[in-house]
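What follows is chain A paired twice: with chain B in the first complex and chain C in the second.
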Partner chain A sequence: MTAGQITAIQPLQEAPHQAGVAPFGPKPRRISAGRIGIYAFLVVAALFFLIPVYIMIVTSLKGMPEIRLGHLFNLPGEPTFQPWADAWLHACTGRDCNGLSPGFYNSVKITLPSVIISIICASINGYALTFWPYKGANLLFGLLVFGAFVPYQVVIYPLIIGLSSVGLFASLPGIIIVHTIFGMPILTLLFRNFYAAIPVELFKAARVDGAGFWRIFFYIMLPMSVPITVVAVILQVTGIWNDFLFGIVFAGRSNWPMTVQLNNIVNTTTGVREYNVNMAATILTAAVPLLIYFISGRWFVRGIAAGAVKG
Partner chain B sequence: MAQNGTSVSIQDLSLSFGVVTVLQTLNLDVAEGEFIVLLGPSGCGKSTLLNCIAGLLDVSEGSIFIKGKNVTWEEPKDRGIGMVFQSYALYPQMTVEKNLSFGLRVAGTPKDEIAKRIARAAEILQIEPLLQRKPAALSGGQRQRVAIGRALVRDVDVFLFDEPLSNLDAKLRAELRVEIKLLHRKLQNTMIYVTHDQIEAMTLADRIAVMKGGVIQQLDAPQTIYNRPVNRFVAGFLGSPAMNFIEGQAETGASAAFKTGTVSIPLDRYAFDAAGNSSGPCVFGIRPEHVALGEAANAMPFAIDAAVEIVEPMGSDTLVWTKLGGQNFSFRVEAEKTLRNGEPIRIGFDPARASLFDSQSGNRM
Partner chain C sequence: MRKSWRHRFHLPAVIGTIPMILVALGVFVIGIGFSVLWSFTSSKLFPTYDFVGLAQYRRLWADNRWLVSVNNIWFFGLMSITCNMVFGYLLAVFMDQRIRQEDLFRSIFLYPFAMSLIVTGLVWQWALDPNLGLQEALRNWGWSSFSFAPLVSAETALYALVVAGIWQGSGVTMAILLAGLRGIDEDIWKAARVDGIPTWRTHVSIVAPMMKGAFATAFVLQCVGVVRVYDLVIAMTGGGPGIATSMPAVYVIQLITVRQNVGQGMAGATMMLLPVLIVLAFSGILLWRRTRRQEAGV
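Moving on to the complex of A and B:
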């Protein structure tokens, strides 16, 4: 090494000590006009969407005399939980005055099996379409995806005819079948895209190891599918819980889900319109999907990133 | 090496996806305990062939025999093969131990037998401390070792490697290359190894099958393939830096010679292929390391004056570019040699070490 080389290296060795002293260019600003704009927009948007929620909550905690005064934005003068109890247990739909609770249990009875069955079917579909391609698999997949774009209303009448011919119209199994069928396109798409992102070599290795269709699915693929399954559960629970149309058409009077009950309570034409009970009933009905979002928000984003979009 | 009988025999194998033919009536016999490397550029069908042997792809025509048994339509697990993949393909949610034992558990092997085999594989591959880890907690080299172990525990007749080292960095690749070679010596299994890396092929193989367009171009020992390539493709694919190709004319007669421009290279020492023709338009190929410089050049049967065009130092040696008969020509010199651009030099070589290829067919002459 020559002297020239040493002097050339020295400034580099001293550089760490000077690091904070001589930065070039303007200092990056934390708060810029753009940032302020973005936050202003977000705050306005949040207020816009939260004001109705605020009104719903305060109204549900007021008594009817206070509501009649018309001060929509005021906090309740004498907070009461009676409207909530009424909504859950005593609100009337026609001559039945059992509140929302039967609807809640009906919704659970509909949602739970529908979610489980549809996700099991869709995950097997996605797995088979990805790893066991057969003649016409792509065509079938194309048709399935096309199914996601068919408006529900178009198929309701044929479905009614079909289900009644096998004696399942207006029954719990009937509505579960309907939800399973309508969840299939989007869920299959979701799972297929997730599995398509898994290296096919993993599947080949399992085949060389002697595993068959079901063993590969249960031992290799399913344990890897947690994120996408969470996404599917969220999609299905919220979708089926919030469903009104299929519920009122296919469930039958005794199985009407919460959304239908809510509609009947709110739109009742007899007696006084109890705004506070209506508000409480609406919040109760919306509580389940809201809870799902709050609990699983993180998972939801992760799942979307892991499978749905990337695939 | 225990070379008694045929281990894997592929007969008239064809495979096409729709109108695309990937493998064309391919024949290959692999001897017991032999290390065969399938070498070729991407899309030459080498991985496809391996997948056919493994039973992961259905063949269109032909048959595959392993240990004398026709396995063309057998399930992968019934073929007595183990496979190692480029992406390792370890089951991510299982520990190393579970990864190794998965195949055995599927086959319903007794527990103590599984433990014994895992212990043996872990010892051979030196992965005992890793057994309780998940694949995510392993380095690339460790993962590939586990992947090899997965084939090892199943006590298979034939190991299939599908570019197993391509995902590793250069240093690790060289290490594992040696390990695979040692493993082969220790186990004496038949191994079929797919790669596009010619160094892996040259170092590992008993025989190399160079593939292109779904056809085996040449199947021979590495040195034979290197020194006597059967066609221009094989000649150009093997060797780095690549072989020099000079277009010209071969002339027979009293003194056979290769002529390009004003240059005439005598071919009296060149061993013509009996089957090929020996005149007409052709390509003269000579490897850069077979060219001598200066005093040594004059000792060669053919020598000529040239000028240095570009010098490429590569550390261990230096590649020098010049012109021969107006065409680009490179040769290797020791790294210590200092050559300047434009410097006049004398180069020479022995035409006996060259290869002549027919311009039309590309076949060796």
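Moving on to the complex of A and C:
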């Protein structure tokens, strides 16, 4: 529950990966019936994880008449990409029928600056906390970690009032500030733990040579921070892209991110439900984080283990 | 020169961390302070400072929708954390059997976590839709009496949420626990085998207790996720049927935005904060006692 416990996550994740490497693993060799049981369990579990998305992909490629036949698992008889085009360009939320594409651009506009600003803030925090702890700095850090566990509902309303008093509520800068705030606890923790592992002699040597706070940060610490920054970027891009609550509350109608648009398109009560369009829209919304997941692989696992605290 | 790097109050460090100071104090202390303060007022759409004592809390606990929400979060939390842990541990144990294609399986178990809870909710809404999903598919395959539509009925909708939550989150539990399993010394397994202890017994009595840290991490992640569950409910059931799957997080947001009853909403939010505070204080005391004991030992 405290900083120490979260720190423990990272070394755990570093545990050596043994598949196909060690000829003798930790466990006694099983008889072949046991092996079959193991694979049977894993395959059934894999089906549980795969089937819902299989259904989505297959259905998004069917026409509505084919869907009404109800053969959920069948491959599309006449595959069509029309639902995908409709989802992107014409799907309706209420009276607006511009599809998901405005939501996509909004999400990009929200995610890029939020990721950059939150990571800059957090890396400076982590650096200052590790090498320049001033009086009260650790108390501030404790409060920040506490913030990682607080239910968002306790903070949302004061933030609404605070942001509207400076005219930033329901605006792009407003939602960027909100994402920076809620990303700060976990990112600061990440960077602080990373800098704490750097030999302090390096810092002292730079101090002896006369380098100050910013010089050491930009010329020594920042170039060393590439790995942790990659983890932070993965964490933030997926986290902010997938956000729904902050987007719907703080972004304002004209900046609604993709997740909010998607929910509006799908859960709209008027008109005929076009399941194929809805599912195509859902896949499109999930595409960006999934792409990051499949490209980043092992980095992603590290990131979520450290960052799932953010929820 | 020498003097300055022992300086405890270095100005650039303070300037560099101004965002942190603002967030830690401004949001997580003053912001929460105001939330609690407003829970004692009669605020409607905008905050007022007309104090009404505990009236908002009395109204809150007299509201059936809130009572249902509180029941739901306990039920959902217990169910989903238990299932998630058991399923995640089983996955981790099976993954640890030197299987082929481990990376493939790992990717499959984890990928739902990369997706938004909105996406998860929608996916499962369709899979369980009586006119479109599993029920209809199995009926078309000839099992015409098959009936499975948990989202339509108030009694079962919560179970459907649990399943969707497990689908999205158990891969993470698996990853954390698998790392924990891999961190255990091979000699423990060998010793247990020499002593003739069955494998399942070794897991339950020896290995699982040694993985306290990994379990604690996974458990904390689950708890934080459960308290905040919002997106999943909105996308999958919208709190329905009726109010059957309402949750405190959904209830509070509705009071603030739709029903414009800030005072009572803040009372609800404060009630959500309370268990978190208690748990944090409890673990803080434990930590403090442990360090004190260590110091006394030295």
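Here, the second predicted complex is superposed on the first by the 256 of 311 C-alpha atoms of A that agree within 3 Å, B and C clash if a C-alpha of one lies under 4 Å from a C-alpha of the other, contacts with A are read in each partner's own complex, and residues count from 1 in each chain.
Heads up, the rule we're going with is that a contact is a pair of C-beta atoms (placed from the backbone, for glycine too) under 8 Å apart; a residue touches a chain by one contact, two chains touch by 3 or more.
Small disclaimer: the values here were computed from a predicted structure and weren't measured.
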Partner chain in contact with A:156 - chain B first, chain C second, else both or neither: second
Chain B versus chain C as contact partner of A:272, first or second or both or neither: neither
First, second, both or neither for A:210, with chain B first and chain C second: both
Partner, of chain C and chain B, that touches more residues belonging to chain A: C
Partner chain(s) touched by A:33 [first = chain B, second = chain C, both, neither]: neither
Set intersection of chain A contacts, chain C complex versus chain B complex: 207, 210
Contact set on chain C toward chain A in their complex: 1, 5, 8-10, 12-14, 16-17, 19-21, 23-32, 34-35, 38, 47, 90-91, 94-99, 102-103, 105-119, 122-124, 126-127, 131-134, 136-137, 139-140, 167, 171-172, 175-176, 179-180, 182-184, 186, 189, 193, 199, 213-214, 216-217, 220-221, 224-225, 227-228, 230-231, 234-235, 238, 248-249, 252-253, 256-257, 262, 265-266, 268-270, 272-273, 276, 279-280, 283-284, 287
In the complex with chain C, residue positions of chain A that touch it: 1-2, 4-6, 8-9, 12-13, 15-20, 22, 25-28, 30, 35, 38-39, 41-42, 45-46, 48-53, 55-56, 59, 67, 69-73, 121, 124-125, 127-129, 132-135, 137, 140-141, 143-144, 146-162, 180-181, 184, 188, 207, 210, 212-214, 217, 238, 241-245, 249, 259, 262-263, 266-267, 275, 278-279, 282, 285-286, 289-290, 292-294, 297, 300-301, 304-305, 308-309, 311
Interfacial residue positions of chain B with respect to chain A in the complex: 51, 54-56, 75-77, 81-83, 85-93, 102-103, 106-107, 147, 150, 154, 162
Partner chain B, residues of chain A touching it in the complex: 199, 201-202, 204-211, 215, 219-220, 223-224
